[in-house]
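Written out below as structure tokens is the structure these notes cover.
Letters are used for the chains, namely A, B and C, taken in the order the chains are written, and counting of residues starts over at 1 for each.
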Amino acid sequence: MTAITKHRLFWPAAILAVMLLANLIFTPTFFRIELKNGHLYGSLIDILLYGAPLILIALGMTMVIATGGIDLSVGATVAISGALACSIIADQPDQEAVGGVLTAVALALGLSLVLGLWNGLLVARVGIQPIIATLILMVAGRGVAQLITDGQIITINSAPYELIGGDYLFGFPFAVLIAVVVFTGTAVLTRRTALGLLLEAVGGNAEASRLVGIRARRLLVLAYVFSAFCAGIAGLMISSNIRAADGNNAGLWIELDAILAVVIGGTSLMGGRFSLAGTVLGALIIQTLSTTIYTTGVPPQVTLVFKAVVVTAVCLIQSPAFRAKAFRRRRPSAPAPAEAEVPA
Amino acid sequence: MKRSPRETGHIQGRDEAMVASEQEVLAMDAREERSVRGRGRLTAILEARLRREYLPVLVTLALFVVLFGTGSAIYPAFGSGQVIIDLFIDNGFLLVAAIGMTFVLLTGGIDLSVGAVIALSAMLSASLVEHVGLATIPIVLAVGATLGFLMGYVIHHFEIQPFIATLAGMFLARGLCFVISIDQISIKHPLFAEWPHIPIQLPGDMFVKPTVFVALAVLGLAFWTLHYTRFGRGIYAIGGNEQSALLMGLPVARTKIGAYVVSGTCSALAGMLFATYTLSGTGVHAVGMELDAIAAVVIGGTLLTGGSGYVLGTLLGVLLLGSIQTLIRFEGTLSSWWIKIVTGALLFVFIVLQRAISSKRSPDG
Amino acid sequence: MLRMTGITKDFPGVRALNGVDFRLLPGEVHALMGENGAGKSTLIKVLTGVHSADSGEVRLDGAPLTIGSPKQAQAAGISTVYQEVNLCPNLTVAENVFIGREPYRLGRIRWKETRRRAAELLARFQLDIDPAAPLASYSLAVQQLVAIVRAVDISAKVLVLDEPTSSLDRDEVERLFTVMRRLRDDGVAVLFVSHFLDQVFDISDRMTVLRNGRLVGEFETRALSRVELVGHMTGRVLRTLEELHAPREDVREAIASREPVLAARGLGRKGGIAPFDLDVHPGEVVGFAGLLGSGRTEAARLMFGADGADSGTVRVGGSASALRTPGAAIGRGVAFCPEDRKTEGLIEELTVGENIVLALQAARGWLRPLSPARRAELVGKYITALSISPADPDIPARNLSGGNQQKVLLARWLITQPRLLILDEPTRGVDVGAKAEIQKLVVSLAGDGMGVVFISAELEEVLRISHKIEVLRDRAVIAEIANEADVTPERLLEIIANGVAS
């Protein structure tokens, strides 16, 4: 029993389970999954579908955080990628042409890689703190996205493109399939090669890693490139789902959700050991929280208050200083986590 | 960045680099000593130091002057005193928020909650002012200060990274906006709708608004606090080396939390200014304003790693960003998103500039 | 003036101080001596309020004193200047002296007054420093002096100087000593910690020696010889020692005739180690003997490329190579186990198995992972060969004992089959059994033709396994001696203490 609770995925999994069960109280049909016209429908499928972009970005963020860094620019990358793809498709005479859509997708992902390279070089070569280095793109990126869309919300009508974020393949939402493929790919990439080990070594102890001859710079660049790549795919998904590119609002604050997902999933912001499965659980928890609040009729914007509580609680539990203070001397008037006192 | 006191006597690479560079400095000092003695040497060193220390601020000032000069050359209407005053009127809230951010950045922290707290206080102002009138101001300020205190407390005592703690604060403040109301609340009370908009005539057919004086008063107060009080010097000391500040017996906890209280209070005040400007409260106000504030502070020459910077630089940063906006508006054909791109580019230039300066000064960056 | 009695301090798993008594008289310079881990730092931290003692009493001027924080210590009259200057480099000199107690009038700091008073103070110490200049514009030595000025001005009963000289050159040390003597003459009790024996004998009036967290004794400096002091510090009194090794002249000659695996010429680094020459031959164990801070580690790090050298050349395996990065050294078959296992060696949250394969995997690059089977085989082989316990490759390395952690690091490098293995204090903090195993292993590795550099503060250990010994002192290699029958720990001690290789 204790072995189970000690497993590092236990708490995220338990929280997710409790949240899903809580939904059952509000919505008895919550767990029902139906097959209509060969497509799967249901609340659980919705959570997966709407959670897919967050899962992707959080996976990329996991790599960056494992190295001890952080990537604030993924939201901007989402906007840029979606904007580029949509504007290319919109310019084509035939929006339905598969070739054109593929070109757009390839160019958008290519640009995302370049953005990741920019971040990676700033961090690994110029030696700027990750949070500051990626802030630059976070600020400028949305301007670039609007530049691409010329400040408009570009709507498109392209069935092949809609497949990415809104349509179904073999009965499953295609976006979910992409997320599964990227998750599997990342798992293979990090755990079947030595990439995961080396990333964890660099994040766990940078000096010791240098002394065993790990060339950290390349790994750092790779992590940021991967993060931007994931954000690029997520950008395609989001714009495909709403059939439009919105340079201003696409992926707004998704970097914060992604960081939150990674932290909830048990990867420390200090770097080192990372858990991809934990990150996916974290992303699902966040998405379920949104869905739950939506179904209970609370205004969706108020989700933020719950998020504040969750962030604070999760970070305090992870904080050695807090644990030392909270558990060594339990005072009746222990300074409670501030945000938790707010009436929700 | 925390340095653990090392128990082992052997020297690690980083410190050796420092030792080596210190010896270079020594050698340099010696050379200088030989060449210019006494008073001459002193002024030489002072000048060298001045140039390095103030370089980012001077670059900002130069950019501002060049931008303004170019603007005036192209558009005759641009080069008027009223345009400068309008910069203050239109960016007063940003200036106040950026001043608060300066305190936090000087300690080496960051405050992501600024935009959300601005929205929250605009919202609070809108919903309270009809009921409590003037008392709105202290209430809103107290809410901002409390939020700042809570974040500072968690950051200092539970060692949560400022980024995460203020992120939680941002979620909380935004969420609370929507708890107050999902919809936009418009403001009609004269405290926001009339009094701050009374034009005050100046000679030369120019006018200012009372909000400008509020922003300038905050600027003066911040300048005095940072340069003439122990609290302010403590903020610089913590940003320079927190461990040292602690060992020198400075009240680190109080000072660090104080910086976040200042930022929260400034954000609350900025929120009220914002409310007078937009005459409404809504949960989607000032989205991303913290980024503008950070950008203004950094462009104004404050080191993001803390310990170095001037609140007057922040003023220049705000004015520079503001005049870019004005210029783009005058230009007419340039679209508004260029503001973000130019801001990002400026941010890049200044961060790299700071990196270059600080790596020359000491390899500690 | 100050008396500490029965001070005990436990850290998780270690008793850092065990019933230590210590006293400090007014108007003296008192040196606190001991090897690494002897408890000097802990004692100082207890005195200055960074740590609180688990038991024991501190009395200042006869009155009991509780020191809960650096601030309280300061208020009581105990000021400290640490090895790393604990001032704020971004502030001016005057501000650093007065921060927290600046002269105030009308709600504002009086800057002119601050600078004037700082200038007065500096003048009193005959220091030519501009109080209005940022501290960062001065050398570390000057910063150190500013720290002392601040400390003395705040409260000048007891001044603790924790290794203030470790990065100063000779003239700067002299300047510091002048200030220290002046303070002593003013009646201040100065507590001085340094690894440099010459300096200690130069400046101190009395000294207290600690070893393994216990008090060895308190001595008049005049009445103590260097050899005696080193004996006290290392726990070895002069005694006749049994035969530790057989002289193997023929073996040594055979080894020395081989092409050296590493040849350093004039290799050095400012502030680290003076330029030195060294040949390490295949099959040879070269012992580095010297006290802590003598430059042992610095020399080793240069040979591995962990730090960049600013003079000299290194040839590895006959070809000249600039060892600018550890990667370059590893590529040429050099391996290095650092002294500080926790911060520079192990990656504690990774498992034992992961730590073991890390160097090999880093050399292969991430795209060529070891197959799980190959990895399990290698890890299993070395866990067995080095009898690492528990023999579970999947537990975090953090959970292992010191000796087993050291074996994990050895395994990490042995897997890469290096030509030269540099071991910095591989047996420190390791129990006796593991110590013997590690020594045996080193001998057998050399027997198989590996070159080994073995750094240790334990002279017997160095003598037992090395073919030749480099003696270091005060950041320089001062002697190279072949390990012949007449080389005894006493003789090494004498060279270390007096600096004469006769």
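In this section, a residue touches a chain if its C-beta (ideal position, glycine included) is under 8 Å from a C-beta of that chain, and two chains touch if they have at least 3 such contacts.
Please read these numbers as outputs of a predicted model, since none were measured by experiment.
If you draw each protein chain as a dot and join the dots that touch, every dot ends up joined to every other dot.
Here A-C and A-B are compared, and the pair linked by more C-beta contacts is A-B. Farthest chain from chain A (centres taken as the mean of C-alpha atoms): C. Once the centre of each chain is set as its mean CA position, chain A and chain C turn out to be 45 Å apart. Computed from the mean C-alpha positions, the centre of chain A lies at a distance of 30 Å from the centre of chain B.
Shared contact sites, meaning residues of chain B that touch two or more other chains, fall at 12-13. Touching two or more other chains at once are residues 306, 344 of chain C. Residue positions of chain A touching 2 or more other chains: 207. Within the complex formed with chain A, the chain C residues making contact are 304, 306, 325-327, 329-331, 336, 338, 343-350, 354, 357-359, 361-370, 412. Note for the complex: chain B touches chain A at residues 12-13, 110, 150-151, 153-154, 157-161, 163-165, 167-172, 174-179, 182, 283, 287, 291, 294-295, 304-305, 335-345, 347-348, 351-352, 355, 359, 365. Listed in rising order, the residues of chain A touching chain C in the complex are 192-195, 197-198, 200-201, 204-205, 207-215, 219, 272-273. Every residue of chain C that touches chain B in the complex is listed here, in rising order: 36-37, 41-42, 45, 50, 70-71, 74, 80, 82-91, 95, 99-100, 102, 104, 107-109, 111, 130, 132-134, 136-141, 150, 154, 163, 166-167, 169, 195, 269-272, 292-293, 296-298, 301, 306-307, 310, 339-340, 344.
Note for the complex: chain A touches chain B at residues 70, 126-129, 131-133, 135-147, 150-151, 207, 247, 252, 256, 259-260, 263, 269, 299, 301-308, 311-312, 315-316, 319-322, 325, 335, 337-339, 342.
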